[in-house]
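Per-chain residue numbering starts at 1, and chain names A, B, C, D, E, F, G and H are given in the order in which the chains are listed.
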Amino acid sequence: MTDDVHLDLSRQDRIGVREALLAGPKSVDQLVTVLDQADAAGQAMLITRLEPPQLASLPGSLRSRIDYDASSRTGFFGDVGEPEGEPEVAVVCAGTADRPVAAEAERTLAFSCVPCLSVNDIGVAGLWRLMERIEDLRPMKAVMVVAGMDGALPTVVAGLLPGVIIAVPTSIGYGVAAAGHTALNSALASCAPGLVVVNIDNGYGAAVAAQRVLSAGR
Amino acid sequence: MTDDVHLDLSRQDRIGVREALLAGPKSVDQLVTVLDQADAAGQAMLITRLEPPQLASLPGSLRSRIDYDASSRTGFFGDVGEPEGEPEVAVVCAGTADRPVAAEAERTLAFSCVPCLSVNDIGVAGLWRLMERIEDLRPMKAVMVVAGMDGALPTVVAGLLPGVIIAVPTSIGYGVAAAGHTALNSALASCAPGLVVVNIDNGYGAAVAAQRVLSAGR
Amino acid sequence: MTDDVHLDLSRQDRIGVREALLAGPKSVDQLVTVLDQADAAGQAMLITRLEPPQLASLPGSLRSRIDYDASSRTGFFGDVGEPEGEPEVAVVCAGTADRPVAAEAERTLAFSCVPCLSVNDIGVAGLWRLMERIEDLRPMKAVMVVAGMDGALPTVVAGLLPGVIIAVPTSIGYGVAAAGHTALNSALASCAPGLVVVNIDNGYGAAVAAQRVLSAGR
Amino acid sequence: MTDDVHLDLSRQDRIGVREALLAGPKSVDQLVTVLDQADAAGQAMLITRLEPPQLASLPGSLRSRIDYDASSRTGFFGDVGEPEGEPEVAVVCAGTADRPVAAEAERTLAFSCVPCLSVNDIGVAGLWRLMERIEDLRPMKAVMVVAGMDGALPTVVAGLLPGVIIAVPTSIGYGVAAAGHTALNSALASCAPGLVVVNIDNGYGAAVAAQRVLSAGR
Amino acid sequence: MTDDVHLDLSRQDRIGVREALLAGPKSVDQLVTVLDQADAAGQAMLITRLEPPQLASLPGSLRSRIDYDASSRTGFFGDVGEPEGEPEVAVVCAGTADRPVAAEAERTLAFSCVPCLSVNDIGVAGLWRLMERIEDLRPMKAVMVVAGMDGALPTVVAGLLPGVIIAVPTSIGYGVAAAGHTALNSALASCAPGLVVVNIDNGYGAAVAAQRVLSAGR
Amino acid sequence: MTDDVHLDLSRQDRIGVREALLAGPKSVDQLVTVLDQADAAGQAMLITRLEPPQLASLPGSLRSRIDYDASSRTGFFGDVGEPEGEPEVAVVCAGTADRPVAAEAERTLAFSCVPCLSVNDIGVAGLWRLMERIEDLRPMKAVMVVAGMDGALPTVVAGLLPGVIIAVPTSIGYGVAAAGHTALNSALASCAPGLVVVNIDNGYGAAVAAQRVLSAGR
Amino acid sequence: MTDDVHLDLSRQDRIGVREALLAGPKSVDQLVTVLDQADAAGQAMLITRLEPPQLASLPGSLRSRIDYDASSRTGFFGDVGEPEGEPEVAVVCAGTADRPVAAEAERTLAFSCVPCLSVNDIGVAGLWRLMERIEDLRPMKAVMVVAGMDGALPTVVAGLLPGVIIAVPTSIGYGVAAAGHTALNSALASCAPGLVVVNIDNGYGAAVAAQRVLSAGR
Amino acid sequence: MTDDVHLDLSRQDRIGVREALLAGPKSVDQLVTVLDQADAAGQAMLITRLEPPQLASLPGSLRSRIDYDASSRTGFFGDVGEPEGEPEVAVVCAGTADRPVAAEAERTLAFSCVPCLSVNDIGVAGLWRLMERIEDLRPMKAVMVVAGMDGALPTVVAGLLPGVIIAVPTSIGYGVAAAGHTALNSALASCAPGLVVVNIDNGYGAAVAAQRVLSAGR
C-alpha cells in the first residue's frame, strides 16, 4: 500500500504550512502508511476528521503518539510546541452547535503555535452578544467567522471590522439550510465588502488562510 | 377570449382582499377582458407587474383610468381612497436596488388604504443605519423586510422586534445570489424565531400577509 | 465548556418569546450547560428536536425536570402553565405522517400557554375532509398548515380563510418530494394571496410566528 | 440540407399519431425541408412552437398552406378535418396566463379531429370555480390539467375525478416557481393517486397521451 | 391517536380506487389506527412501503391478516380476490435491480384483481432483449416501463408501441443518476410523443394510472 | 491589449492538436490580437463559437482570410488542407435541431483533415432509422453521438457498437431538458458500458477526443 | 426469480466486452441467479460493487469461485488469465482516498488481461509529484485520471499528454465537493481540449472506455 | 427619491474602505442621488458594473467627472491619486475572456492607489505559461486568481505560493460551467490548503480582500 502515498514534504518550504492528513475517507492501512512516512521524515503531522473508530483501529504505537481532541476530531502526531504571544487572529462562532468547526480551526492554529482569541455563541438573533465583544475583535488581523443556518453573522462582522474576515459556513441547520449551502451562499453574496469564504465545515482551511495572512504581515 | 377569465369576485368576502391582476404573463387581450369584467362588477382592481409596453398597448379608455407607478410597475384601476390613520405596518428595505419590490408592497397597501412607514437603504453592511431607526419600528404590528444578496437583514430585524416579521427576498445580486434564492433560503433558515417568508420579489404577497395580520388584530 | 454558551436572556423582553434550545446538533455537555444556565436564571426552557438518546444521556437531575413528548421530540424544562381561553389559532395537518411537525407547533404554543385547535388528516386528495371543517377554522387569527409531498393544502386553505395562513412544509414524501423542498416551493409560489412560509419541518418557527400574530392583535 | 431530415413516416402505423414538427429550435431551411418531405409523402403535419418570425420567413407557397394559431403557436400544414362527436377528453386550465399551453393541447387534438371540452381560469385560489364545473368533467376519459405556479390544481382534480388525469405544468410564475419546476414537482409528488405528468409547457405531449387513452378505450 | 386519521372511505366511489396506506413514514400506533378504521369499515386495504420492522411491530392479530410480499414491501390487509381474464396491461422492467418497483406495480394491480404481463431485464444496453418481446406488448392498453440510471427504455418503448406508456423512474444508479432524477428527467424530456411519467419509485401510482386507463376503456 | 494573450504554440507538439480560439466571450480587440499572434507564428487557427456580429466587426484584412460556416459558427483562419482517406470516425446526430453541434464536430475534424461519416436525424423515437445505418457505423474507431432532450441515443448506440462512443449532449429541448443537463446526465449514467461524455454542445471537444483516439491507434 | 434475469451473452461479440454484474443494488437471490446463468453459459464474470455482506451471504459453492478484492469491491467469477505485454494504458490517481475507484478500473482491465501502469497520490496541491512521472505517461494510449474534490488533475494532465484522457471523478470530499459533482463538472468544463468523462466513481466504465480505445488501435 | 439612499460614510473609518456604488441594478435617478450625496460629502466614489447606457443617461455634469473604463465597467467619480511603490499584490488571469473581471479588481486597487502586478492568459491547459511567471509571483502578499470554466488554476497556484490566494471564479464557459458555479465550487473544494474564495465575477470583492490583507500587514 506504500505506493499509494507520496507525502508532499516540501510544502512547508513552498507555501509555509506542512501537509496535513485528512483522515475521514482513508482506510486504516492508508493512515498507517502516511504516519510512518511522516515519522521517517521526522515531521509532525496534523490529522483532521479523525473519527474515534479510526483512532481506535490504529496500532498502539502510533495511537499513543497522537494528541487527540474529540470535539474537533483532530490529532497532533509528534511533538508540537505551545502558542506564544498575543493573539492576532480570532475565531468567532455563531452558535453552540458550530463549535466543532471552530475547534478545528483553533487546533490547526495551535499545531502551528499560533495563539488565537475565541468568541462563542454570539449569533445575530441576539445581536447584543456580538456588540459586547466587537472592540476586542477590532485589532485582529484575521477573523474567522463560523456560522451555519442563515449565515448572517459573517456579513455583520465584515461590516464592522477592518481585518481579513474569513467566513466558515457550517452544516448546522435543517431543511433549506441545506447542509451549509445556504450559509455558504449568503457569505459569498454578502453586501459587506471583501469577505472571503472557505468550504462548508472547513475550519482547517480557514486557519491556514489566517496563517497566510499572518505571514503576509511579516 | 372572455371564456378564459373568471374573476373571483367573492374573494373580498372570503379572505378580506380583492382579486388582483398579475399582468406580466398575460396578453393585452386578456388584460382587457379582466379589466372589463372588473368594471362590469364595479370593482376597483390592483394591477401588478404591469410592464410599460403592456400599459401602452391598452385601449386609451382603459389606460386613462389606471393610476400607474413605474417604479413598482403597479396600477390602480378605478377609484381608490387615501390611507388613513397612523401606520401600524412598515416596509424596511436593505438596499436602493431593492426599492421596486418595496414599492410594490407599499402600493398594495395603499390600494387598500393602509398607511405604512417606509425605511430605506439600511443594509447590514452599515449596521448603524438600522440601529438609528429600530425604535421607530418597535411598535409595528407587521414589518416587511425587503432584501436581496445575502439576505441577512430579515434575520437581524427578527431578532430585534416583536411584530410579525415578513421577509421579502429580492432577485438583486449576481453569481451565488442566484436571482434571490440565497436571500430566500437565508431567511427561511434564520436563527431568529418566527420569521416568515414570501416568494422572491413578491412585495404584493407580503403586503397581503400584513393586511391579514392587521385584520387578525381587529 | 461553559464559554460556548451565552443565553439570550433578554429575548422575551425584546421580541416576546424566550430563547429555545434546539437540541439535535448539540453534544450532551452542551445541553447540560444550556439547561444549567437557564436554571440559574430561573427561566423555563422549551427544548426542540431532543432525540431520545440525548434525553437518556442527560443527568437524572435534569432529565427528571423535563416533560418530554416523544411524537414531537420536544421537552419542557421547568414549570409551564396551562393554556387558557378559547383557541384563536389552529394547526391543520394534511396527513398522518405530518403529525410530528404539527405536534412541535402545538407544544411550542402550549409552552407559552396558548390554546390551539388541531385538525388532522385532511389532505386535498379527499377534499371533503377539509370542507367539513372549514367553518371551524374561519374565525382563527392564524392557521398553521402542515403538509408535505405536493404541498397543495396551504394554497387551498389560503384561498378559503381570512386569517394569517402559515405554511409549514414537511419532509414527508419521496423522490421529487425532495425532503420537503417541493412542498416548500409550492407554498412560496402559491396563487393564493398572502400565504407566508417557514422552513421545512419548522413547527417551532410557525408557532412563534403565530404568537407574533396574537401579540400584534393585542 | 435534405440529409439532415428523415421523417418517421411509419409513426402513425406504429403508435397511432403522425410525426409532428417542433419548429422552435430549427432553422428556416430545416423547416422547409421537413415540410417539403411531408408534402412529398402526402402527409399533413402539425407544427408546434412555430414562432411568428419563423412563419414570416417561410416561402409564401408554404406559408399559405399553414393554418396558424398565434396563441398556441401551432400550425396545421395541409388539410385537416373537423372534430366529430361528443368530447371524451377535457382541458382544464388554472389561470388565464396558462392558456397558450392549454391551447397547444387543444390544437393537437383538433389536428387529429378529437373534440374536447375546455374549462378555464379555475385555479384553487377560488375553489368554487372548479366545484361549479366538476360534474361536467366527471364523465371524461382523460382530463389534462394545465397549471403553473404552485401546481395545486392537478392534485385537487385527481382527487375528485376517475378519468386519466394528466398534469401539464406550465412555466408561469416567478421566483421559486422556477419556470415550471415547482408545478412539475408538486404534480409528481401528488398525494392523489394515479396522477400522471408530462414535461413543463408540453401541451402537445399531453394531448398525444390523451389520444393514447382514447385508443386504449376502443 | 385516533384523531390523527380520517380514512377517505368514499374514494372508491369518487375515483375508482380505494385509499391505500403508505406505511413508511408512519408510526406503528398510526398504522394500527388506520387498519382498525379500515377493519371497522369492512374495507380491505393495500399497504405500501411497509418495512419488515414495521410489520414485525404490529400486533399479531393484525399481522396475521396481512399478506406480505418482501420484494415489493407491500401487504394486502383483508380479503383480496384473484386476477381474472387476459392481461391488458404490462409491466416492463429495465434491470434486475429495478424489480422491487415493478413488483409494487404488479401487487397494486393484483390487489384490484387486474391481471398483468411482466417482462423483465430488457434494458437498452442489449436492445435485442426488448425486440424479442415487442410484439407481445403491442396489444397492451397501458405499459408501465420501470427503469433507473439513464432512463432510456421508456423513450424507446414509447416510440414502438401505441398504448398508454407510463414511465416509472427508479432510484437505481449512482453519481449523476441522482437517486432517479436523471431517469425521471429523461422520461419527461422524451422525444417520443405522449409518454407520461410518475414519481421516482412510484410503482403504486403507475398501477393506479393504468387502472384509470382501463376504466376509461370501459 | 497584447499582454492579455499568450498563445500556447507548443500545444501541437505536446498533445497533438493546435490551440483553437473560442470566440464567443471575447471582445473584438481580443480576437484581433489572437489572430495577429497566430499569423505572426505562421499557424492556422480554428475559431469556434464565432458569432456573425463578431465576424462582421473584424477588420476586413482578417475577415477575408476566414472560411466561415454559419451553421456551426466556426471559422478556419489561414490555409487548411482537405480530408483524405476513408472515414474512421462518425458523427451521429439525433435530431435536426442538433445539427449545429454536429457541424462543429465535423468542422473541427475537417480543420485537421480528418474525414468523417455523418449520419443525421436518427433519434430513438423512430428506432428503425438507426437500425438501417448501424452496419455502416460498426467499423468506426470513434463515434460521436450528438443528442439533446432525453439523451437516449448515446446509450442505444453504445450498446450496439464496439468503437469509442463519445456522447455530445446538446442544449436542445425545454423544461426538464434543462439546457442539456438531462441529456448529459443520461449519458453519464448510461447502462451501456464504456460510454464517455463531453460538455453540453461541445462538438469541438468531442472531435478532439476522436482525434486522440485516432492518434492512439497509430 | 430466474425470470428477472436475461444475460446479454452476445455483448462480447457486439461491443468487445462481456456483461458485468453490478452487485450493489441487487438481492442475494438475484446475484445467485446471474452467476448461475453465467456458469451455465460457461462465461466468466466481473462483479463490481460487491459489498462484503453480499459476498458473505452467497452460497459457499459460488463464493469459493470468486476472486474478491476488498479495496475495489470487485470479484472475478470463474477463470481469468494474466495481463500480458507492456502497459499501453495508465491509471493516475490524485489522492490516497481515491484509490478504491482507481482499483476498480485496474481490476476491470485485469479481468480482460489488459496490463496497466498505476501512478498514485500525485494531486496538484504538490504539482512536482505529477511532473516527476509525466514522461512515463506520455506514451500511453489512454490515461484514466481519478480525482475527487476540486477535480483539477484531469485538466492538468489533458494539457500535458496526447493520449485519450478519461476523467473519473470521485465522491471524495465534503461540502461543495458535493459527492463528486464538482470534480465531474470541472472535468466536463475543462479548458484542456478533448478530455472525456465518465460518471462519478465509475472506474469500471473508464476501464471499458480504455479497452475501446485499445481495440480502435488494432 | 433622496430617501432611498443613505451612504455609509463612516465605512472608511470602520473597515478601511469607502462605500462603492454597484450601478447595475439601479435606476439613473438612484445613481444621481448617490453621486450627489457623495459629492456633498466630498467623497470620491468607485462605481462598479456601470453599463454604458447608464453612463450615457447620467447628466453631463456628473458624467464628465467620471473616469470610465469600458473593459471593467468601472468608473472613478471625483479625484483619485496614483498607485505608489512596488506591487505587493497580483492579479493572475486564466484566460483572455476572464479579463473584465481581472480588470475590475485592478481598477478597485487603483482607486485606492494600490499598485498591482498583472499576469494574464496563463490557464493550466498550457501549464508552462504559469511556470514561467511563478517566481515573479512568489513575493506577493496576496494573489487574486481569476478563472472560469474548470477553475483549476486557483488550486494549482495555491499549491505553489505562500501568500493569501483569493480565487475569483468567473462566469466564462458554457454548459456545466454553469455561469461560474463550477469554477466556484472547484475553488471551494480545493485540495490546496488555505485557498479563499469570493463570489462569481466579484473582482471588486477580491480587491477589497487584498486591501484587508495589506492593512493586516501594517
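We take it that contacts are C-beta pairs under 8 Å (C-beta built on N, C-alpha and C of every residue); 3 or more make two chains touch, one makes a residue touch a chain.
The model shown is predicted, which means the values in this text are computed figures rather than measured ones.
The chains in contact with subunit D and with subunit H alike are B, F.
Greatest Cα centroid separation from subunit B: this falls to G.
Per-chain CA centroids place subunit A at a distance of 34 Å from subunit C.
The geometric centre of subunit D is 45 Å away from that of subunit G, both derived from CA atoms.
Residue positions of subunit D with contacts to 2 or more other chains are 125-126, 158-160, 175-177, 181, 184, 188-190, 193, 199.
The chain pairs satisfying the stated touch condition come to A-B, A-C, A-G, A-H, B-C, B-D, B-H, C-D, C-E, D-E, D-F, E-F, E-G, F-G, F-H, G-H.
Within the complex formed with subunit B, the subunit C residues making contact are 14-17, 20, 141-142, 158-166, 184, 188-190, 193-199, 204-205, 207-209, 211-218. By the touch criterion stated above, subunit E contacts subunit F in their complex at residues 94-95, 123-127, 149-152, 155-156, 158-160, 173, 175-178, 181-193. Considering their complex, residues 71, 93, 96-97, 99, 118, 120-122, 125-126, 128-129, 172, 174-177 of subunit E touch subunit G. Looking at the complex, you find that subunit F touches subunit H at residues 3-6, 8, 10-11, 19, 22, 24-27, 30, 33-34, 169, 171, 179-181, 184, 199-202.
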